[in-house]
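Below, chain A partners chain B and then partners chain C, in two separate complexes.
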Partner chain A sequence: MQRLRRSWERHWYAWAMVGPVVVVIAVLVLYPLLYGLFLSFTDANEANVAKNIGANHIPATFHLVGLHNYWQVLSGADGHFYPRLVWTIVWTVGCVAFTYGIGVGLAVLLNRPIRGKIFYRLALILPWAVPNFIGVYAWRLMLNGQYGVFNRIIGLVGIPGQAWLDGETAQKVAVIIVNVWLGVPFMVVALLGGLQSIPAELHEAGEMDGASPWQRFRSITLPSLRPVSSTVILLGTIWTFNMFNVIYLLLGQNTTGSTDILVTYGYNLVFNGVANYSMGSTYGIVVLLILLGFSIFYGRRQLKEEQL
Partner chain B sequence: MRRALIAAATLSALALTATACGSSGSGAGSTAAKNPGQVSGTITYWDTSDAKNEAPAYKALIKQFEAKYPKIKVQYQNVAFASVEAKFKSAAQSGKGAPDVVRTDVGLISEYASLGYAQKLDGTAALSDKGDFAPGAWGTTQYKGATYGIPQVTDTLGLLYNKALFKKAGIAKPPTTWDAFIADAKQLKARAGVDGTYLNPDPYFMLPFLFGEGADLADPAKKQITVNSPAAVKAATTAKKVADEASAKIDFANSYNNMQAMFKTGKVGMVIQGPWSTADDYSGSAFTDKANLGIAPVPAGSTGKGQAPTGGHDLVVYAGSKHLDASYLFTKFMTSSASEAFIAEKNGTLPGRTSAYTPTVLKQPSIAGFQAVLPTARARVALPQVGSLFTPLGQDYTKILQGQESPQAGLDHSAAEFKKLLPSDFTIAK
Partner chain C sequence: MTARKRSRNSRGPGASAALHLTLAVASLCAVFPVLWLLYLSFGPSGAWASPGQVLSHGTLGNYADVLFRSDFPKWFLNTVIIAGGTTAVGVFLAATTGYAVSRMRFPGRRPLMWSFLITQMFPMIVLIVPLYRLMTDLGLLDSFPGMILVYSTISVPFCAWMLKGYFDTIPVSLDEAGQMDGLTPFGTFYRIVLPLARPGLAVTAFFNFMTAWAEVAYASQFLSADHFTLAVGIGTFAEAQRPDWALMTAAAVIITIPAAVVYLLVQRHMVSGLVAGGTKS
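And now, the complex of A and B:
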């Protein structure tokens, strides 16, 4: 108490400065989060929540159901959670591995004196500069089975047109390719920054000792990139895990549902027909917990590695 | 400006009191009915018609309305048909940004009404001369014995075909059964060098297959889920056969647009489509001569009777509207016989009112064609959850068409999902 008062007396201006931000975060983040958490313990849906619309006053008739929703989800009783989770993990690991791998490769290529460096860098950042839903629509047009540019091109060499988005596997490959295309620029930019902070002496010393380029890459470049890499991989994982646009917009409405990741499935629960708020919130909270768990685990491991 | 605001506020307060009276059964007392010229305010209208082909006619009609009622301003917004349900419901529930009047697919009326979003229109100025509405269209506005929408356009699915391609393939008349449909498709491929059809994998377009076998999604009276009945499985089997043997390769992500693009440029011979698509068809190279577009009832299944769902759009007044009187007048105007005839002439869609089928309207070849098809229309199951049912059905239908699931397994899965979405007293029919 004493300490708190002293802190207030000495730092009142700091509290005053932080105050508005705290209020805004409480209103924008905390309140919806807590409300979502509350809904996940109920059986609320669009038909039984309270409504006061003009002359229609409908009282709330939903009930608390405790952990029932979580049990439905985690026991697999709803029949959707585990298939969606497995695909979400495959999708996340696939996308992050490819974006990171390609990102490192391109960053290394660009981090040396070449002619037209500015041009290459601009070209690589382009997918990032385009709003991602526009990028996704452009891909949808290019992959079109009847009118897409890819079929036009392979048609020129006599290969019959393919249905690029037909069937589960094809659709899964397509969404990963598009997401990698969208994700690479961020990786390149972040990793280029990391590469430029590696002292040139290290490479020179390696060269003097007769290390091959591959050895230098493995023993100098990659370890020096680790702080940047760990951050971009963490961010990439969280973004990809929740990447709604690519899945939802690339494949349209006529899907088998097996390409849905956890967030798009949760969205469908709330935004198709009579909204199921309770299950939608439960999925939201479960996704949050998974990502929170992953971040903590990942952060700890990273810390340990640095201490070694 | 300020005075206008005060006046508007007073009037809307008056309007609210008036509707409070209206709901107790004396709707004739409202300003809209007594003194329509005095109603004022700004209302927002969400239109879901095709922004390029259909919207101009609706905008012209709104101009006419504003000229007739100078005190009412209408803010027109075109909202994509595919996203209007989610948009309207979230706005309607929070009360923020909701329109006063929204053009609503007939399949959504029971959902909006049951959730309290739609204003009951019996006894209001919005509803006039109700005996004039076509019975099928009128039926879509009813929920638990009350009226929650006013029919603007009605439609059903029909078989649209390219007469020139039929002639080239030596087919004398459009097929009346799915078997003949598949045979004709093969003949089109062999003799005219085009694909027979482009099957739309959207679950709504599965309904003619189901209805043709006498099947449906559910039976609300018996509280039974019937989507996996033997008749429904037979319907899905036929659909799969059409996809495999009669259709161009389906691009599931772009099916609707590709179907339209191929049909209107003469690359497929026939499609199952509604009257709303004809304006787009006529803009294509295959139908510069409008007479080339043939319209026939959807083919029949083993019942021998081709049937398609009643579709179309009703105008719904948002229950939370601050300008109910203006909204009623607007709805009344937009659904008057003259307005519906005007829209029909411009867009080639079918009016909900029988008196709007004037000789000039019937000169429109698409309307004349579809008017003959309209008797084959049949109502969809009137359940508030019907919109939710189409999600699992669509996913299983896609799996069936892609060959990932057999028709029986796919529809069994749909039935199990329906069980979760419908009230708990519904059972899966044996």
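And now, the complex of A and C:
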């Protein structure tokens, strides 16, 4: 008791400052999460949850079904999980690799002394300043296979036009293009900051030793960028894995379903047709577990490399 | 010999041209879709398919239609209220929390930091159904305060983490000096640290604002037509039986302007703010 009081006296400032956040997060994130977890163990759907029709209250009639939903998903019995998972991984790896690669390249170029730097920086970061659903709609008009301007532009450099928003493969390429366009600015900004914190002496020393620009990039720039890189890659992976707007809005009702990632598939389970709350929640929990597993694995490996 | 003497910071005309060319092409790719929307917004409704029409039939009619003959003004007002509220609540929560975890070693600090990181990973589909029910029970469904709270929970964990990194770069000796002069920890935070952290706060504000300005999934399920935000409302132009792309483009341009203005105001601080958060975590 004594200890508790002393602890309170010493730390009440800190607790008062984090208090509001803790309350908000507990009510609006933790509680819903636990409730979602609960739903994933039931067979709740639109037909059996509690509802009010007029003045009549109809009580819920759904049951606990244990791990049945998880078994349905993980054994592949629902027929959708593994195809969606494979595409989600391709989508995430593809988007993160392109955004990071392009981001590093542009950041290195922008970090050099160059005339008109401010102009280039403003232009390159512009897609970030535009709300992403606007960017997605702009691309939707541009990518139209018959009339869109995108085919005319790539036609100028000799690439044949495609019906970007129709075929399965074309749709997949299209969503990746749009997401890379949206994602590069964040990478450029973050990596540019990382580059600016590399001391110039390192590069000078490398030059003294006769290292070529490419060698300097590989053995000075990239290693120095590692702390920033690991953060932006982790964030980029999580954000892309959970990206909703691009997939959901680019194709509209035109989608073949083949571009649905786990998150949008789960969303459709809940909000299209007969709402399947339990399966939607199961997909959500599975996505969360995948991301947690990835982050722990990634964090461990990153840490080990830094300790070496 | 001359090539070797050339320092890292000077380069031949060929390299310079290549550098400018690459950056110019990349900039063009980044800017083009936005400019294209702007261009199309002055044309008739078929302009996206035959862009030449914009030049021959240029008009401001789309803007007039959007502003005076659609629900756009209502959506705009709704979004300003929600985004403004999210910014105020989000910056307040993120700043106090970020400061506490940056300066004070208190029991529960580490679990709190971890929970922020993990919250980033929550897919909205696992939260959206329970949140819907919770909001109904609290009477907050289809209301502005409800949306503001939901958006704050999306943005605050990341912002608190980012601001923590920013506060870490402000020397602790300044806090100590303040406390010597008799300021309470709240006073130190409010009078000394916050004014110094303005760049970080600006980025946080921008991030909160954009979260609310551009969110689609929650808004399209939680709000009814009267409370639509722009992100949902503009979808009604695009998803209708006969999509009206002319109205959509004009609306898109108007929506982008406030976001771009806020962005221009804070972009100066963007690099420092983000990286402080990124590297120090």
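What to note about this one:
Operating definition for what follows: the second predicted complex is superposed on the first by the 288 of 308 C-alpha atoms of A that agree within 3 Å, B and C clash if a C-alpha of one lies under 4 Å from a C-alpha of the other, contacts with A are read in each partner's own complex, and residues count from 1 in each chain.
To be clear about the criterion, a contact is a pair of C-beta atoms (placed from the backbone, for glycine too) under 8 Å apart; a residue touches a chain by one contact, two chains touch by 3 or more.
The shown structure was predicted, so the numbers you read here are calculated from the model rather than taken from an experiment.
Within the superposed three-chain model, A:252 lies in touch with chain B and with chain C [touch as defined at top]. Applying the stated contact rule after C-alpha superposition, one finds that A:13 touches chain C and leaves chain B untouched.
Within the superposed three-chain model, A:46 lies in touch with chain B and out of touch with chain C [touch as defined at top]. In the superposition on chain A, A:271 makes contact with both chain B and chain C. In the superposition on chain A, A:147 makes contact with both chain B and chain C.
Touching more residues of chain A than its counterpart among chain B and chain C is C. In the superposed model, A:298 lies in contact with neither chain B nor chain C. Shared interface residues of chain A (contacting chain B in one complex, chain C in the other): 140, 144, 146-147, 252-253, 271. Within the complex formed with chain C, the chain A residues making contact are 7, 11, 13-15, 17-18, 20-22, 24-25, 27-29, 31-33, 35-37, 39, 102, 106, 109-110, 112-116, 119-120, 122-135, 137-142, 144, 146-149, 181, 184-185, 189-190, 192-194, 196-197, 203-204, 207, 227-228, 231-232, 235, 238, 241-242, 244-245, 248-249, 252-253, 262-263, 266-267, 270-271, 277, 280-281, 283-285, 287-288, 291-292, 295.
Contact residues of chain C toward chain A in the complex are 7-9, 16, 19-20, 22-24, 26-31, 33-34, 36-37, 40, 48-51, 92-93, 96-97, 99-101, 104, 106-109, 112, 115, 117-131, 133-134, 149-150, 152-153, 156-157, 160, 184-186, 189, 210, 213-214, 216-217, 221, 230-231, 234-235, 238-239, 245, 248-249, 252, 255-256, 259-260, 263-264, 267, 270-272, 274-275, 278-279, 281. Note for the complex: chain A touches chain B at residues 46-47, 49, 51, 53-56, 58, 140, 143-147, 161, 163, 165-168, 250-257, 268, 271-275. In the complex of the two chains, the chain B residues touching chain A come out as 19-20, 23, 82, 86, 89, 92-93, 95, 111, 114-117, 119, 201-202, 248-255, 258, 261-262, 318-321, 324, 384-392, 394-395, 398-399, 402, 404, 421.
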